[in-house]
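Notes follow the structure.
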Amino acid sequence: MPILELTDYAGVAVFAATGALAASRKELDIIGFLFLAAATGIGGGTFRDVVLGATPVFWVVNPTYLVVCVAVALVVFFTAHRVESRYRLLLWLDALGLSAYCVMGAAKGFAATGSPAVAVTTGVLTASFGGILRDLLANEPSVLLRREVYVTAALAGASAFTTATVAGLPLWAASSIGMGTAFVVRGGALRFGWSIPVYRPRPGRHPDDVM
Amino acid sequence: MPILELTDYAGVAVFAATGALAASRKELDIIGFLFLAAATGIGGGTFRDVVLGATPVFWVVNPTYLVVCVAVALVVFFTAHRVESRYRLLLWLDALGLSAYCVMGAAKGFAATGSPAVAVTTGVLTASFGGILRDLLANEPSVLLRREVYVTAALAGASAFTTATVAGLPLWAASSIGMGTAFVVRGGALRFGWSIPVYRPRPGRHPDDVM
Amino acid sequence: MPILELTDYAGVAVFAATGALAASRKELDIIGFLFLAAATGIGGGTFRDVVLGATPVFWVVNPTYLVVCVAVALVVFFTAHRVESRYRLLLWLDALGLSAYCVMGAAKGFAATGSPAVAVTTGVLTASFGGILRDLLANEPSVLLRREVYVTAALAGASAFTTATVAGLPLWAASSIGMGTAFVVRGGALRFGWSIPVYRPRPGRHPDDVM
């Protein structure tokens, strides 16, 4: 199986697992697990394919991706209660999914257009999309608004992959560099609380006080 | 008018009505009614068409669907205050829309790919999409997270329709079976509080306590 | 540069600025600024192109739009703290973006289908989409649910543009009329608190009290 396809399955599987873990935290039934696993697992890639005009999207062309989501949801449903902290596991799997998807998104965007700017953008947007969608659907605090770097990790990974590709490295090397970069940045943020200082913080007031 | 088109109009109309009822609960103006009615009514089908690559989407090809949404929004605007419980009515109309859309989504997905897995998935996702979008836009508690079965009903209906179709039943029979199944499951949940037991419930702690 | 392209760049730029201002209110880092600026700036147009089947979407075809979003995000990042009320500025820029996008959306919808109903719908939906997406992502109270007219302004602008176009006016005149109408309506709402009276207000009860 080619490396990009493997990366794609990996991204779908780990994002599906984070969706199922969110369902577990909300005490949903098995169907809720399936739904959140599928929405999170295939959400980012669906967005990527639609924007690039590569429709029908990947899981309509190849329904194996749906089978992966169902299998992952079932495993999580029967084992999630054994995990000491499901939210911590969710965040680490989310970091893996982010790494796989930022490379996949950049690779497909670059292949479709040849533009590095588009490649980085599709990489970042599709990598972030799954997690944002999951948090919206499950009514969890959005990873987007957490203090640690998140989109930054996707940006670092997509940029590293695109730079390596433009520099002429083979696909497996560029993919490894991209995924490694994204995972180190996001993992460092989770483990050590890395964050980028904000320029001049000043919290927003409530709209009612302003108007 | 063929049965699938009738089903489609029915799904759009009742979902539009639930969007308008949500607008009424939020005390929006007439334009808010129109917007929420249109977004809820055509949201699921738009998602289905985009994912299947059937663009321009159905309401761009046939604007009559927009006229239906406008008419429904106007009727609800002038009559909603007479309804004793708008939220209860919203849930029952939503059950009707769910039933119509899970069959339509499965039918279009099956026609486009011939894959039962894709048919069930497009059925479930498009049937759930309208209600989820409405609750997100109107800031209502999501039907997705309510205790009674919701996605389950869409799954039952889409599976029944797909199975009947694969078994060779004519379209009108398969559609009736699919819609009936979904409506009985969701209606039973609303009337008798049916729910699927969760495997081993354990509520999620707040992210700040975990990290 | 043709007038529609100028309008498009203007809409992207001012919506990107509102996204960056929302990021500033939430005290995000520079990458958060870039992400919210890009999502808000290109969100509406992405939705419009996908629905009309005009894929790959505009910013994949022409990545200059992404450069605009990046530039705007950087400027806002280094200057937003000087603004007395970022939320008020956000609302006014949002009004500008709404005006530009409702004309762009209607123009593209009319060019693709020749149907006034579709033109008005794509105008309204795409003009509202960016702001709604920004508020969802940044967890701000949605512009959609605020008391003053918002979607109404987009509807007025899209209708004025479409009417003028059908009446045979040249593009620059129809665009000016459309943008002017939308901005006057939304600006009047912001400045004087214009609102459309609701038919018979009655707040919705909490779902738990109803069921």
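Labels for the chains are A, B and C, by order of writing; each one numbers its residues from 1.
Throughout what follows, contacts are C-beta pairs under 8 Å (C-beta built on N, C-alpha and C of every residue); 3 or more make two chains touch, one makes a residue touch a chain.
Labels paired with UniProt names: A, B, C = Trimeric intracellular cation channel family protein.
All of these numbers come straight from a predicted model, not from anything done at the bench.
Novice: What is the set of chains touching both chain A and chain B?
Specialist: Where chain A and chain B share a partner, that partner set is C.
Novice: So chain B and chain C are the same sequence; what rotation in degrees superposes their CA atoms, nearest 5?
Specialist: With C-alpha atoms aligned, the rotation comes to 120 degrees.
Novice: Determine whether chain A and chain C, two copies of the same sequence, contact each other through the same residue numbers or different ones, counting it as same when over half of the numbers at the interface appear on both sides.
Specialist: Answer different: the two copies use largely distinct residue numbers here.
Novice: Compute the distance, rounded to whole Å, between the mean C-alpha positions of chain A and chain C.
Specialist: 27
Novice: Which positions in chain A touch two or more other chains at once?
Specialist: Chain A, residues with two or more chain partners: 50, 55, 136.
Novice: Which of the residues in chain A end up touching chain C in this complex?
Specialist: 50-53, 55, 109, 112-113, 115, 117-118, 121-122, 124-125, 128, 132, 136, 142, 144-145, 149, 151-152, 155, 195-205, 207, 210-211
Novice: In their shared complex, at which residues does chain A touch chain B?
Specialist: Residues 24-32, 34-35, 38-39, 46, 50, 55-57, 59-60, 63, 66-67, 77-78, 81, 85-88, 136-141.
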